[in-house]
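Would you mind keeping the following structure in view while I ask a few things?
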């Protein structure tokens, strides 16, 4: 319990630190939100009024605490840039809430593909005795890791979208309209994201497995007459999985934070695209919340990994 | 001559292939600063969209520019930028990681918290934030990615220093009164080399991928300078008409990263023997 | 290609007697002047408008089919859902389908009646009287009343609360309701071009202040939904006052910010209409789509920030104009299909356009450029930074061609690609740039193209300041005589050209890829995407 409490404290502290950093970083970025919103139709009176309305005329520290207070109450503020209707700007919560399912579904799909393909591949490779196959898989994974995700995305779009016509590039189906159509469309971007990561995970797992296979307890198992297969799956795999779990954690964190490039290539209205454009437009309310979200996801995932570690191997101390 | 031949035969395949691939890349990279078959920017209405031929090895683009020359320049740019990024981030890693790892304390705690938080962020996002502050362009790409990659180096160096801090021979050096700075850099540092080198190679590859990703998104190197990522993004619009325009920079990136990875693997295997 | 014929109309009717009426679009054989105050009283306007709509399809096609949904690709996200506050042309072109004003521009560039059924102007040019059309309904079902008209005009002009939202209406001094079908509008100064300002949207009274008002207008389509970065969906207005249109049930304006993405989506057939093709893209798509084009009514130029060195030196600016090879840009970017220009005016506005291409030439005159640079004190050439919005492929490519081509004159260019939003805030608003490539438009009022070059104009993003130009332009604006006005505008253009306020390049064509099954698209001389006349022909 104490362990849990300590971890949560760390989470909160980091979130706080990051939010402060982000907030003040944006004070130094050039670009005045009021001017961007009003554009050329701005007059000194309108600018002053808008400044007042957005609370921009107060000192930064006051603004930070007002903002933080609102966030804790659940009010994430409104975008400076996007309108909801004629007189209201889009609430950040709604803006992000719309796009989050896209990024999350992409992440889940990608992870599923990665786990389903990489783990058997890694184990198979570790046990593989055929030299030709060994080299092939080695080269194959090396190559897969060398392909930039955007190139892969372009190739996949061209091959499956335009040449084979298995999907229509750009015909993104909203999850609100047709859930399974949505999932089907996300399949190809998920593959683009997954391929390099499958390669990395498989290699990692293989190395991990090989290390385990050479350790004492495995030799003991062999000497007790266990078959190679049983040793591999029954003993070595479980221990080899640990660093792999950490690794997968890193990957999840990265994907959930938003695969910007893939989203761009496949025109997915997800978080990544939103983050890029809101940084460019100095849409502070949106940027702040997004940064918090990403930090939270990253720390949370590491936290889960930590717990998983303890579950798998109770020997690990909680210090 | 015979000695060279023998040496070659002794090496493992990964090393050789990696060496060949990386060698070609480096030669082209260095060469690109002095000479390219054609100008990388001159446009010609009559030469547009020519398929690869002996005259234009990789064909021409929508402006009639020779793609091979541009790819060469792109290689040069990418290698240069990535090297600088790795230099900056590993340098920061060694300096900060060594100090915090060895001395520990509150500074260590704070630095760890910050690096933890920063580490999870996709590098491109962070670099984007830095670029928003400083503007786009070559130098800022180097600076921003250098900053972004530092945390991983810091962590690795730090954990190595922590591991070695309590080793016997280090304790003995301390007892003998060797100055701290000397201990750090003369005694410990050389011993972390193998782990460090692995991070450097991974970092280099990541730098290449990150830089091309940023150019692809339009926030990296600006035209008319050629950058592999930007060429790929420009080429997307002409996939049907001139697929070589997209394949050239894309495959080049794969070649560079793959070559370097194989080379590293080759070196590692040599070490294992 | 659509031809718009502009000719001189008999000046006898000019600014003399009380003028009334609405120019209904006539058969395409007629000569029309750009002069908006010409009488053309028309009886059943709606009849004429319908006949106009039916003229557009090719004679061989069968009856138009009602129904269907299409996806139209646009390059920019919407900057506001409030028609009075939207400033970006990219937003207005979409909102054109949802909102209408008392008057509306038609595809010939003339004004026709929309919410008003007729109007007249007093002798002194200061009082407009509008008669409201019967049974025009807002999208929420309520009828449009004189109260709504008064509210909309007051809000837009600043009479309501002091802040002018639509600057072209700032000369309004009062809006009076005469009776439930008539509204009288008084202005402080007569201006022949003010009529175009009455295309400002009429919205329900009070909707501008209500917290959660959905955009409600009187146009052929009603607002359904808007998702930032995705698109705006609109649906057929079944109670639209004009008979017979619109045909489509739903139009989805999808936001596509990259030209390469657009191409992939077109190839994947996920969009039906894309109005901003470059020449090479058109080449690539010509088998799958209909490719249509027309002059875009956009003045594209390499705009100079006249306050920044070395561009504050007239000789340097002129040198660049001489060195610039406009023909080359035309060739590369638009396949030779643009009209080359040398000042801020469109060749299509024939009454006002002055061909000044011979002053700097359309090709590259390097010797002259070098000579001027040396005279200006830069014998070794200069460096020039060109900031371009990255989502407009045409401008980006133009910048690349210019950068390469200016080298011969010792001008070394650096291109800075920025996001559209950043361009708007840094270049257009804050004027923090050295030079940029973009296009400017006008709403059929030639004055609009020139007005921003006045020293005190808020839209003067080029920081041009020339008191002689100001004098000429202001005289032209106040001028009530067509011939004089035209001459003054020509003078103004000449000043801009000789003074090299910017390096004007061309009027590019607007090239559209359209689903082969669609017909009825009308090109407008202004920046609009009118979907009300489009239908599936199979």
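Residue numbering begins at 1 within each chain, and the chains themselves are lettered A, B and C in the order written.
Here, a residue touches a chain if its C-beta (ideal position, glycine included) is under 8 Å from a C-beta of that chain, and two chains touch if they have at least 3 such contacts.
Keep in mind the model is a prediction, meaning the values are calculated, not measured.
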| item | value |
| --- | --- |
| Comparison of A-B and B-C (more C-beta pairs in contact) | A-B |
| Centroid comparison with subunit C (C-alpha atoms), farthest chain | B |
| Subunit A and subunit C: spacing of chain centres that average the CA atoms, whole Å | 42 |
| Length of the line joining the C-alpha centres of subunit B and subunit C, rounded to whole Å | 47 |
| Chain centre separation in whole Å, for subunit B relative to subunit A (CA means) | 23 |
| Residues of subunit A engaged with two or more neighbouring chains | 162, 264, 280, 282 |
| In subunit C, residues with contacts to at least two other chains | 258, 261, 264, 267, 418-419 |
| Residue numbers of subunit B (touch at least two other chains) | 233, 236, 239-240 |
| Sites on subunit C touched by subunit A in the complex | 77-82, 85, 87, 162-165, 167, 203, 207-215, 226-230, 256, 258, 261, 264-265, 267-271, 418-419, 421-422, 424-426, 428-430, 458-459 |
| Contact footprint of subunit B on subunit A as seen in their complex | 10, 13-14, 17-18, 25, 28-30, 135, 138, 142-143, 145-151, 154-155, 158, 162, 250, 253-254, 257-261, 264, 272, 275-276, 279-280, 282, 294-295, 297-299, 301-302 |
| Contact set on subunit B toward subunit C in their complex | 41-43, 45, 62-63, 136-137, 218, 222-224, 233-234, 236-241 |
| In the complex with subunit C, residue positions of subunit A that touch it | 31-32, 35-36, 39-41, 43, 45-46, 79, 81-88, 90, 95, 98-99, 157, 161-162, 167-172, 264-265, 267, 269, 273-274, 277, 280-282 |
| Residues of subunit B defined as touching subunit A within the complex | 13, 113-114, 116-117, 119-122, 124-125, 128-129, 132-133, 205, 209, 212-213, 216-217, 229, 232-233, 236, 239-240, 243, 246, 250, 253-258, 261-262, 265 |
